[in-house]
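Going by the order they are written in, the chains are A, B and C; count residues from 1 in each one.
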Amino acid sequence: MASSSYSTFAINKGSFSPKVINCNKELMFNCSSCKNPFPLYTDFTKSRLLISNEKSKKWKQIQQLSLRSPIQCQALEIENTPSFTIGKKFNLDDVIEAQQFDRDILNAIFEVAREMEKIEKNSPGSQILKGYLMATLFYEPSTRTRLSFESAMKRLGGEVLTTENAREFSSAAKGETLEDTIRTVEGYSDIIVMRHFESGAARRAAATAGIPIINAGDGPGQHPTQALLDVYTIEREIGKLDGIKVGLVGDLANGRTVRSLAYLLAKYQNVKIYFVSPDVVKMKDDIKDYLTSRGVEWEESADLMEVASKCDVVYQTRIQRERFGERVDLYEEARGKYIVDQDVLQVMPKHAVVMHPLPRLDEITVEVDSDPRAAYFRQAKNGLYIRMALLKLLLVGW
Amino acid sequence: MASSSYSTFAINKGSFSPKVINCNKELMFNCSSCKNPFPLYTDFTKSRLLISNEKSKKWKQIQQLSLRSPIQCQALEIENTPSFTIGKKFNLDDVIEAQQFDRDILNAIFEVAREMEKIEKNSPGSQILKGYLMATLFYEPSTRTRLSFESAMKRLGGEVLTTENAREFSSAAKGETLEDTIRTVEGYSDIIVMRHFESGAARRAAATAGIPIINAGDGPGQHPTQALLDVYTIEREIGKLDGIKVGLVGDLANGRTVRSLAYLLAKYQNVKIYFVSPDVVKMKDDIKDYLTSRGVEWEESADLMEVASKCDVVYQTRIQRERFGERVDLYEEARGKYIVDQDVLQVMPKHAVVMHPLPRLDEITVEVDSDPRAAYFRQAKNGLYIRMALLKLLLVGW
Amino acid sequence: MASSSYSTFAINKGSFSPKVINCNKELMFNCSSCKNPFPLYTDFTKSRLLISNEKSKKWKQIQQLSLRSPIQCQALEIENTPSFTIGKKFNLDDVIEAQQFDRDILNAIFEVAREMEKIEKNSPGSQILKGYLMATLFYEPSTRTRLSFESAMKRLGGEVLTTENAREFSSAAKGETLEDTIRTVEGYSDIIVMRHFESGAARRAAATAGIPIINAGDGPGQHPTQALLDVYTIEREIGKLDGIKVGLVGDLANGRTVRSLAYLLAKYQNVKIYFVSPDVVKMKDDIKDYLTSRGVEWEESADLMEVASKCDVVYQTRIQRERFGERVDLYEEARGKYIVDQDVLQVMPKHAVVMHPLPRLDEITVEVDSDPRAAYFRQAKNGLYIRMALLKLLLVGW
């Protein structure tokens, strides 16, 4: 942190621009109108210019400073050039939705996830994230997802603050806003993994927070890390993503998992998707239209056996009883219609795999578990690697 | 831990006194009536003489030994002189209530908190408390306070055992005493942070425990770390405590925060306090009488604008609906009466700040957040530094 | 991890046997029918032959591989000989029930527990289990037991994933099996400590898991670590187990603690057991018959004073109100019948001790606490050492 040189420039109200501060350095400011000298950090890993008086990795959007008058600043430049180069690697500030990832960034994340597999297998614990603190802010319990994130953080030497009780933040106060909660928690941690019951909550949190936010599911909205681990699993199991044939089976209307997966598969070449579902829970038109617009071949089928015989991946999902309300008869009918069992395995290619986001009930029979093509527990494990990769990327970069 | 010399002395039933063991050393005892030789540690950082057969930092009050007969002991002195000197620094065994702190000890704690700011900002994690284990024993949930303490402990390299479910201790047993619970938990940890629903619970715990207790709020009683962080924030923001003018606004009858703050401010010179509150939640006479007895100037005012124009600190608090019972009309009237908004900011001095213990509802409007004088999120962050300082002081000393 | 030599052998469907792979090494496989080369690890610390494609310490039972056709494998032997020798020390895969321990293994565990006492007392934190991750999977809350295990893990430098909310695993899915949950959680951790409401759940988990399982209580079934710490405490306090006289007092019908203790005491020589209980909660015949079959002397008594005057250990237990249903009168009568108080202490030998599994209500009066013979809080602390020992043994071996 040795000082090397000084430079002087003005930060005017509302006039920040990348041209004003275009070096890749940490700057120590002495402001004429500030109570104390304070450091400002610029962050060129973000597309927007960011500035902060917090420690490295905690960024405020410049807009939040709301300077009321021009500040004349003298900057003490500190030799501490980050190792990345702008444009060489992808920007990753937050993980909010599957749509934010393109093919290149997916490949780059998967490359890091492969490294994470090695770290987890070879050593009794890495220290890449030693000293970093992750807050798991869960407004509804999801033990499976929470443990996966917390394991990922701890496997990399990081620490965790955990709450499954995040609703208490607002209930105790009878109305604290999510934004206020985020501003408080970001003071205690370096990254927030958030589960919320409202669609869009993660985006609101990211807009407020100066530290990275990972969406661990927001209501009927997004669950992007699940989507990433699904695509990663296909690549790990099948060895490729271009040219694959995928059968999506079960509740395609309500499952955000299969919807996100279909969306991400559209980024690859020559993919063919089969939809196999009871009539009441068919894939909705928005995804079908999207696939068509991207030139992805798809078809609906009522014949699981035929689809299974042609696919690289049979992606089974659970029929969610809670979606059927009083219509237990419809639920029971839908539930029993497409079961992956020994008969399905018989017709599946040797190289194909069965996937499932878990938990499963009886839509995959237990006898399937012992078949090497049963990939769903490996898939759950891949969630660990994807989350390790994302935590590493968001906290210490590529 | 090399041994250096022996000394022999008697520990008689009920006759322990500082004169008997007046060295600043660890002592290894061979007792004639003890099953095994065991180490006894004396602790001169405590005003009472303490003795323990536990590892350093776990002290039993000598009274608990209840020796039934005189024990002739031979002490193996161990060269391990602590770095502190008796009388040079303040004793800090437990943190139970705001009243335990005088001006000198407040200053000393704030000095350590300033060091903590540097630690948190400059390094990816300190190791000062590596190997220490803090138990957060919460009999009622308070996620905000719990995360702040747990972050403080982990930022210093310590570890945490956590329960928000501490009522289960007694409910499962249908009546285990707090004392029994404390005796169990002190066997698992080095320090206990306790939140309880009963006033006085923290004091009872401290009387039982051989390890330090921090009161993280006991019912309508005390919440001393909040009081400390409030005073610390004023000093950090305004630069001084003597001679300041503070407006306490909102629910002054029920808020333990403002009551403790008023109490602590009385320790400083030439402080002026303004009370601004709806009639139904006015500051109670005990605090007013106390301030008067200490020569602190105070006055009540119904004019927030006028007070705000004169104060260094406007300390806003939430009107607590639960205090009004069925009288929703009174609540609504009280709640809307004094709001900190842009108009208040207009009249406030440039150097002044707005504080709030959080959570806030609409008693401070969101537009205030972007003003540099909005200090409430920095105030929350200062809670981290104060708690880091207290954990350090209680576990490893000055 | 340097490679040293190759050897080739066949793994045939269902034909694995210790003869096939009888070296004590890690093996890297290139399988003709496998997608990728993968390492297999053999584990000779387990009585059954195990094989895994996971990192060391995560074993799959060979049966789970369900090879559909013979695999011709080429093994790359890796120089990494573990330090243990087969047969020299005891195998310890899981901790499921008290019955799995014989006298020799109890002694060996106690020896390690003694080492753990030294570690906990002398150092600010051991790093024996650094990098290891323990999941506490509690299907019902038991804060006392959970904190004891988590403290044990952290005192040895290990990390913890915690859930008191494990029922959510199955409730969210409205029916996920325990087996599926275990397969998911074992992907996130190195050892699982499980509390469950169903007898036999721990055994089912161990049959599924490739990592060690510790039963932290499964319903009315087993709570083996409590049984171990009880026996350990007797040895620590009395100095021996052969020839001791133990009075078991209180609810002997429902307390799994006293039942397990009686079972384990039968492994020692010349033990005499006294049963002192209200008629409605007398010790059941199965244990009495077992003791008789093992040649252990026992008798029932209604005179606590007489028993106390003869015993080395008075083991008091709580009368569990919930067992009496509507019969509050019977409960109240049973509850007040045998109280350990000053009068009991008067007749007890000087060297004897009072034990209790905690929590206690008033079956031991508070005045007893200050007597050196009150061993129950030391007993709780011994639970820490026993759990440290078990975690060490299961994760890194003897």
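Note that a contact is a pair of C-beta atoms (placed from the backbone, for glycine too) under 8 Å apart; a residue touches a chain by one contact, two chains touch by 3 or more.
For clarity, every value in this text was computed on a predicted model and none was experimentally measured.
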item: Shared interface partners, meaning chains that touch chain A and chain C; value: B
item: Same or different contact residues where chain C meets its copy chain B, judged by the half mark; value: different
item: Centre-to-centre distance between chain C and chain B (centres being mean Cα positions), rounded to whole Å; value: 38
item: Sequence positions of chain A contacting 2 or more other chains; value: 162
item: In the complex with chain A, residue positions of chain B that touch it; value: 120-125, 141-144, 146-148, 150-151, 154-155, 162, 164, 237, 239, 318, 321, 351, 358-361, 366, 370-372, 377, 380-381, 384
item: Of all residues in chain B, those that touch chain C in their complex; value: 1, 35, 54-55, 64, 66, 68, 130-133, 135, 159, 161-163, 165-166, 168-170, 172-177, 180-181, 183-185, 187-189
